[in-house]
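Worksheet: one structure, shown below.
Residue numbering begins at 1 within each chain, and the chains themselves are lettered A, B and C in the order written.
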Amino acid sequence: MAAATLVRRIGRSGVLPLCCRPPAWDRTPRPPPGLPLAPGRSFSNNKIQVELDESSGVAMMKLKSPPVNSLSLELLTEFAISLEKLENNRACRGVIITSSVPKIFSSGLDITEMCGKSVEHYTEFWRAVQEMWLRLYGSSMVTVAAVNGSSPAGGCLVALSCDYRIMAENPKFSIGLNEAQLGIVAPFWFKDTFVNVVGHRIAERSLQLGSLHPAPEAHKLGLVDELVPEEKLMEKAAAVMAQWLALPDHARQLTKTMMRKPVVDRLVAHREEDIKNFVTFISKESIQKSLRMYMEMLKKRKS
Amino acid sequence: MAAATLVRRIGRSGVLPLCCRPPAWDRTPRPPPGLPLAPGRSFSNNKIQVELDESSGVAMMKLKSPPVNSLSLELLTEFAISLEKLENNRACRGVIITSSVPKIFSSGLDITEMCGKSVEHYTEFWRAVQEMWLRLYGSSMVTVAAVNGSSPAGGCLVALSCDYRIMAENPKFSIGLNEAQLGIVAPFWFKDTFVNVVGHRIAERSLQLGSLHPAPEAHKLGLVDELVPEEKLMEKAAAVMAQWLALPDHARQLTKTMMRKPVVDRLVAHREEDIKNFVTFISKESIQKSLRMYMEMLKKRKS
Amino acid sequence: MAAATLVRRIGRSGVLPLCCRPPAWDRTPRPPPGLPLAPGRSFSNNKIQVELDESSGVAMMKLKSPPVNSLSLELLTEFAISLEKLENNRACRGVIITSSVPKIFSSGLDITEMCGKSVEHYTEFWRAVQEMWLRLYGSSMVTVAAVNGSSPAGGCLVALSCDYRIMAENPKFSIGLNEAQLGIVAPFWFKDTFVNVVGHRIAERSLQLGSLHPAPEAHKLGLVDELVPEEKLMEKAAAVMAQWLALPDHARQLTKTMMRKPVVDRLVAHREEDIKNFVTFISKESIQKSLRMYMEMLKKRKS
C-alpha cells in the first residue's frame, strides 16, 4: 500500500520528466465512437469479443473475424475502441489478446480496404492502423499476446506490440513481418517495434527476407518469449499475466512509457505525413492494378 | 612503445571528434574533498577500503559498510573521491570493485538519506548518486565488478557501470534493477546503462517486472559476463583485469568514451533538472509517509 | 510481377519518406573513373577480379592482392569502381565478396599509404576508405561475404558491411575490429557498423579489447552468420544469395535503406571533418615515426 501511494506520487510529481506527461498520442483525434463506451463485464462487437474478469482485472480480447482475422477498418476500429474502453475501466489492469479462429492469429492488414476505394477511405483506414498500434504499443495495461496460430505482417505487429508473447509450439504456425515477400515495405514504426524486440541485426535480415518464422525459430530469435503446447496456451497466458500484475501498476506503467515513448513519439511526430504518403501511394492506378491482380489470385486459390 | 605513442597522439590530435574532448562530466562541480587527495598505496575511508598494487597498476576497492553496503551519502562521496584519487594516480590503470560484507555486494541507495531530511540534503544526496555514476561509468580506468553477493537496484547499477562483471555462481545471489517491485521507477540513466548491457527487450521486461535475477539467469541474460565459484572470484577478476590491461591505455580509453559518451552526455545535459525532479518528489509529505512506513517495516523485520 | 510493379511504385511514390530519396552518399564526388564503366560479363583490375554470371545476376568479386589483400588506395579505388559498375549494370543483382589469397580475406588498411606521403595523398586515401564503405554498406545489391581467411580491422569492416557473412569454419581464421591492439581507435562509422551487427555490449567489449575472434567464437557472437567447411564456402554463398534474390528487389532495397540510412547519413554529415581529422593526425611527425617503426618491425618479421 505504501508502495502504491509512493508510485502514484511519482506519476503526479513529474520526477521522471521523460515519461510522466500524458502520452502524446492520447491527444490526437480518437476514432469515432461507434460503440457505447460504458464499461461492462463483457461486450461483443462484430469482429472482437471482449470479456473482463473483474475479480482478476484481466480482459480477454478475442479476434473473431473468419476466415483469417484480417485487419479491416471495422476490426481495427473495434480494436482501438475496445482498448480505450478497457483503458478507461479502472477494474481492468491487463488484456490477453488471442484469436477465436482456428490456426490463425491474424493475417494482417485487409487488402480489400486498399483497393477501389476513395481517398477519404484510404485516409480513414491508415489512421485506424496507426491508432490501433498507438493504443496497443502505448497501452498502460499489461498486454499479453496468446498467439494461437499463424501471424504474418500486421498480425505479427499486434503480437510485437504486446508486453509478452506466448505462442503455441506448433511448427506449422509461423510469425514475421513478411511484407517484403509481397513486394511491399514495412512502415518505419513496424520496423522500430521489431528492432525493440529482436535487435537491429535480426530485424535487418528478417525484414529484408520477409521471413515467416516457424514457432520454434521465432522463439530462438526472441520474436516470441515462450512456446507452450496449444492446449496450455490460455492457462500460461493467465499465469504470465498474474506475474506482471503482481507489480504496482504505476511503477510498471511509467517504466513501460520510458522504454516505448521514443518510438511512439516518432510516429506521432510524422503521423499526418505517414498517412499522406500512404494515400498518395495507394491511390496510383498502377498500384490499384497490382492489388486487383493479387486479389484475383487469392480468389482463384480459394475456389 | 610505438603503439603507445601512436595512441597518445590520437588523444591529443582530436582525430576522433566524437570522443577526444575531456569528458563533459569532468567539468561539473566535484564532491567536497573530505579526504586528502595525495595518492598513496592504500587508503581506508569509513565505508570503502582501497588498496593499490603499484606493480600491477590495479586497485582493489572494497565496500565495507555493514550490514548491506547501502549507498549512503557518505559511501557515495567516498566512492567518487576514491575513484577520483585513483584516476589521478598515474600508477593506477584499473580497479576491481567488490564487497567485504558477506553475501551482499550492495543493497542500493540508502533509504534513510531520503527520509526526514532537508531539501539541501536531498539535493546533495542525489548529486552524489549522479556523481558516483558519472565517475564510474565514464572512468578511463579498466573497471571490473567482482560481484560476491546479491546486488539489487543501485548495487546492480554499480556492477552495470563497470567494464566487466564477474559473479559468484551461487544461485542464492541475485542481481537486477528491481525498483518497480518497490513501486518506484529506475531513472532514465539507470535504464540507459542497462539497455547498453542487455539490449532493449531484456531491459524492458526486466525493468517492468522489477526482476532480481539469480546468478545463473543473470549470466544467461548477459547481465553479468561470467560466473565462477565464489572462492575463485578474486583470482578470476585479477586475470580478467590483466587481459584488459594488456591493451594500450589510450586506445582502450578512447574506444570506451566513444561507446559510452552518448549516455553520459544525456545525464550531464539534464543533471540539474534530474536533481530538481528528485527533490520535488521526495519532499512531498505523502512520499515521506510512505518511506517512514517502509522503514518501520524493515525495523520490525530485523527485530 | 504484380508484386514487382507494386514495389517499383513504392520507390517512386515516396511512401516511405525516410528511405526513398536517392542515397545522400551518392551525391558526393565519385572516385576518378580509372576504368571503363561499360558493363561487361567480367573484368579484372589489378587488385580485384570481377565475374558476373548474367543468368543468375550474381557477381563474384575476388580480392587478389597478395600477400594479404591489404586495402591500398589502388585496391580501395578499384573496389568502389567495381561496385559502381555492378550497381549500374541492370543484369547484376547481387555480389559475393571473397579472397583469392589463401588463408586471408583482407588484412585491413594498408599502412604504407599512411606513411611518408603528402597531405594530398592522405586526403585521397581516407576519402577512398570512406567511399568503399559508403558504396558497400549502402549498396542496393545483395552483398554476401564469403570469408575464406582471417579478416582483421578493415577486412572485418568489409565483411560487416555485407548483408550476410559466411565464414570458413577453420578456428585458425579469426575476424574482428582489433584496432585497439595496435594502439589505434576504430572510427565511429566502423563502430556503428559493428554495433548494428552484434549489439552494443559485445561491440563495447570487443572493440576495447581489440579482439580477433576465431571463427567459432565469431559465429557465437553473431559477428558472422554461418560457418561452413572451407570447401563448401562458395556453394553455400551461392545458395544464400539465391535465397536473398528470391525477394523482389525494390522491397528488399527500400528495407535495407531504412535499416542502414541513419548510420550512412552520420558519416555523410561528417565526412570532410572526418578526413580533416585523419589527415591532421597522420601528418604529425610523432605518428609518422611510430608508423615507420611498425613497418620496420613487419619487414624484419618477413625476413
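What we mean here is this: a residue touches a chain if its C-beta (ideal position, glycine included) is under 8 Å from a C-beta of that chain, and two chains touch if they have at least 3 such contacts.
Chains and their UniProt names: A, B, C = Enoyl-CoA delta isomerase 1, mitochondrial.
Here the structure is a predicted model, which means the values were calculated and not measured.
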{"item": "C-alpha-based rotation, chain A on chain B, 0 to 180 degrees, nearest 5", "value": "120"}
{"item": "Interface sides of chain B and chain C: same vs different residues, half threshold", "value": "different"}
{"item": "Geometric centre distance via CA averages, chain C-chain B, whole Å", "value": "38"}
{"item": "For chain A, residues contacting two or more additional chains", "value": "199"}
{"item": "Chain C residues touching chain B - in the complex, by the definition given at the top", "value": "179-188, 191, 199-201, 203-205, 207-210, 270, 273-274, 277-278, 280-281, 284, 286-287, 289-291, 293-294, 297"}
{"item": "Complex contact set, residues of chain C against chain A", "value": "2-7, 9-10, 13-19, 163-164, 195-199, 222, 225, 243-244, 247-248, 250-252, 254-256, 258-260"}
